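One chain, chain A, appears in both complexes that follow, with chain B as partner in the first and chain C in the second.
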Partner chain A sequence: MQIKINSLSYTYLAKTPNEVEALHDVSLEIPEGKITSIIGHTGSGKSTLIQTLNGLLLPTSGEVHVGDYVVTSKKKKNKKIKELRKSLAIVFQFPEYQLFEETVEKDVAFGLKNYGVKEAEAIKQAHKALEEVGIDKSFYKRSPFELSGGEKRRVAIAGIIALNPDILVLDEPTAGLDPLGSKIILRLIEKFNKEGKTIIIVTHDMNIVLNYSDHVVVMNDGKVAFEGTPSTLFNGDISKYSIDVPELFKFVKILEVKGMKLDLSKIRTIDDLITQLKEKR
Partner chain B sequence: MKCVSIKNLTYAYIKDRPVIKDLSLDIEEGEYVSLVGHNGCGKSTLAKLLVGLLFANQGSIEICGLELNSKNINEIRKKVAIVFQNPDNQFIGATVEDDIAFSLENMCVPREEMLTLVPEYAKKVGMEQFLTKEPGYLSGGQKQRVAVADALIRNPEILILDEATSMLDPAGKQDILNLVKKMRSENPNLTIISITHDINEAYDSDRIVLMHEGVNVLSCTPVELFEKTDIISKYNLDLPFVIELKTKIKKLGIDVKESDSLETIGVKLCK
Partner chain C sequence: MNNLTFGRYSPFNTFTHKLDPRNKIFLMIVLFVCVFLKVTVWSSTLIIAGALFLFMICVMLISKVSVLSLLKSLGAMWILFLFLLIIYMFVPNPAYKADHIAFTINNYPVYYDAFIQWGYIVIRLVMMLMVTMILTSTTKPMDLTYGLEWYLTPLKLVKFPSHIVAMTLSIALRFIPTLIDETNRIIKAQSSRGVDFNHGGIFKRFKAIFALIIPLFVSAITRSEELSDAMEARGYDPYAKRTRYRKLQFHLVDLLALIIVLLVFGAILFLVIYNNHVSQVDIIYWISGVHPII
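Our next item is the complex of A and B:
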């Protein structure tokens, strides 16, 4: 499913003295079947943007097209919104804080039951989702609170994956996880993408942008400041968006200044750089 | 001088399932120690034991020469400040200014002084415009900033940071790290125990303590730790970027030294 955003604006507390225009005239296309990162400093509008994608927030003006669904400012027109939320599902920040059922499998089945799936079938599908995220069978009947931070987060993701969305949106999916826990989550995201899902990741981690993303959107003050590939972004002048250049790109730039010719579009990891260095020797 | 001395500490939330196991660790006054290890290895539990929110089943803790027990606990709490992992669990005031003022309770600070200190510390963490806001209006990152102000305003001898910047963006995180650095340069006796998953941050500390399943597996300087490749892979630690880069460039047959900057490595590569 394709996502197309046309002249989208969103104002919180509209028509009150406290109103905040969080998004201003945003137009974007999110490539289908790819991994897109959305970055930008705190308050730049990232969370607001992703919540308009499935109508959790309705635009103040403009519209969002997701496949055949259209999200507009008019409440009446957004009838199929529940279906849309199944196709485009969001994993919020620290989703494990929202686990509440007494067993892991019940927590994962909860969302499905909301969509009218019967208990037994919901549990069956929950097991499949838990298997997808690599949670061992021995945990299914245990309390989610007995799991480690990384495991809890995978259970929370399973609850969303169980809905089988075409588009999966994740807000800071690795925040607070240890390095291994982060790697497991990122590999999972890659796997979902290979299986055909479009992925959108909101992140502050420039290594996720560089190592995992096909496309990157930079938000600044409620507007789109950049849209393109990670290597184009990091190769350009990004000081104005107050985002960090990944260490690897800082080093690559040093090499370029010293006259070395490198193919930047192929450098995502230290190993990619080493490969190019070897070819030169 | 030793300012934290932990001897053979054992703690279990559930009987016979200890999460801290016979752990011993000494920390010197003025030292900046990073505590690293997987989610669930016992870091936060250890931090809570250090501030007397939990009491050990076995073993002992001495803080600034005082044994941690119910008799000394109030004295010790004046010396130690902690920023918890989940900022929701420590916001107790009705507003930001209340919350920061609250942390001065029992510290015998005169009211006039309090009235100037609170806005001053709110400003240090970039929250001066939120003084009258209630916690419900704040993001996770903003609550973390308030929690840092709560801790710093008490002018502690020991500062414990439990993933204190996990909800902040890179710029916000850098702000807080710089603030802590500044506090430390103003008061070189300030001891810092920082729990973090950010290996580049840990690389800046005097010493890294690696925990695994409630045990203190290793305690050494960052440079020493990252030379132990077996430990790195066994415990799934990340390598700081510079270390990984240097290791891989060395394999190309280029003579890279410990002290080489990125610039110097660049020169060597372009020769």
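Our next item is the complex of A and C:
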């Protein structure tokens, strides 16, 4: 399913003294089957943007097309929103806060049951999703509140994955996790992408952008400031977006200053760098 | 969740915003008394209520309190008003005059007086809502608790922990917006899992509420534990003597507001006493010399 956003605007608390325009005339196309990162500093409209994608927020003006579904400012036109939310699922920041059932498997099955899947079948699919995120069988009957932070997050992600969405949107999936926990989550995301899902990640971590994503969108003051591949972004002038340079790129830039000639557009991971260095020898 | 924003503080700089919160709390109580003063002659009562209503509308406009949000919260209360109407229509009251029958339902008489009584209680409720709204949307929650604390200070003589009560209140008030944000976040997260909070049967919605309440409680409890740790880490002692950064002061505007409200109160009190004890004459008759219809 393809996502197309046409001159989308969103204003919080419209017509009150506290009104804030979070998105201003945003037009975007998000490539199918790829990993897209959305970056930008706090308050640039990233979270608002993803919430309009499945109709959690209805745009003030403009529209979002997701496959055959349309999200517009008119309430009456958005009848199929529940089905849309099944095909385009959002994993919110700190998804562990949404856990509430008695056992891990019941919590994962909860979403499926909301879409009318029968109890036994839902539990079966929940087990599959839990297996996919690497949660051990011994956890299935335990309370989700007993788990560690990283495990809770994986259970919460399993709850979304169980719905088998075509598009998976993750808001800061690695925030507050230790390096190992982050790595597990990112590997999962890569795996889902290889299974054919379109992935959208909202993040502050430029290393994720460089290492994992195919496409990147930079938001600034509610507008799209940049759209393209990560290497084009980091090779260009990024000072105006107030974002960091990825660790790997910092290192590569130092190598360049010292006289090493490298093809920057092809470096995404440490392995890429090693291959290029080997070629030089 | 928009109806939860009822009476939320809105940052303007009007006359009402500048008043001392202690003064505002006092004036609110005076206005409440005004609202509940009752005259035996119903038409006088309605005239007094009408005048008070106009006064409050003026105050609302001066304070830039949104009339729209008042209407919205009244819209949310329609079921209460309907319920009251039914009660007033069908509960017999010896005070209703026999010749005031409006119509009968299966030979059960419904009196005009019932509608008048109902109208009066609705006006009272609306005015109470207005006063409360004016107070909360022109006063920062923190100032409100400082005001309350000031009123509680004399109770220190009888060992009443007024500071602790005020601190508890201010923390509770401080966390209302946080909890609203949290609620919205959980609603969004659960909606993404296919929970429908707005449609479906009662059982389905009940189940949906569980998916909201449990995570909300869990995070509120975690948050309160973190907050108490943070307070202790910074050496908070509820019994220590404290100084204030913001001091409450009684200004000239406060005096002005006090005089205006007390004048309104005095006028109403005079009318009520005059009407109840000196003369039973109707105010309409008193002012214009024309007898009212009923």
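In this text, the second predicted complex is superposed on the first by the 274 of 281 C-alpha atoms of A that agree within 3 Å, B and C clash if a C-alpha of one lies under 4 Å from a C-alpha of the other, contacts with A are read in each partner's own complex, and residues count from 1 in each chain.
One rule holds in what follows: contacts are C-beta pairs under 8 Å (C-beta built on N, C-alpha and C of every residue); 3 or more make two chains touch, one makes a residue touch a chain.
These figures come from a predicted structure and were not determined experimentally.
Given the superposition on chain A, are chain B and chain C in a clash or a fit?
With chain A as the common anchor, chain B and chain C collide in the superposed model.
A:181 in the overlay: touching chain B, chain C, both, or neither? Say first, second, both or neither.
first
Regarding the shared-chain residue A:11, is it in contact with chain B (first), chain C (second), both, or neither?
neither
Please work out whether A:163 is in contact with chain B alone, chain C alone, both, or neither, and reply first, second, both or neither.
second
Comparing chain C with chain B, which touches more residues belonging to chain A?
Partner touching more chain A residues in the overlay: B.
Just checking: does A:274 make contact with chain B only, chain C only, both, or neither of them? Give me first, second, both or neither.
first
With the two complexes superposed on chain A, say which partner A:255 touches: chain B (first), chain C (second), both, or neither.
A:255 contacts chain B only, not chain C.
Considering only touches as defined above, state whether A:150 meets chain B (first), chain C (second), both or neither.
The answer is first: A:150 touches chain B but not chain C.
Quick check for you: in the superposed arrangement, does A:198 touch first (chain B), second (chain C), both or neither?
Neither partner.
Tell me, which parts of chain C touch chain A in their complex?
Residue list for chain C touching chain A: 10-12, 66, 185-186, 188-196, 210-211, 214-215, 218-219.
Sort out for me which residues of chain A touch chain C in the complex.
16-18, 51, 54, 56, 82, 85-86, 89-92, 95, 97-100, 110-111, 114-115, 145, 159-160, 163
Using the touch rule from the top, collect the residues of chain A that touch chain B in their complex.
41-42, 93-94, 148-150, 175-183, 204, 206, 242-244, 247-248, 250-251, 254-255, 257-260, 270-271, 274, 277-278, 281
Of all residues in chain B, which touch chain A in the complex?
Going by the criterion above, the answer is residues 37-40, 85, 139-141, 163, 166-172, 197, 199, 236-238, 241-242, 244-245, 248-249, 251-252, 262-263, 265-267, 269-270.
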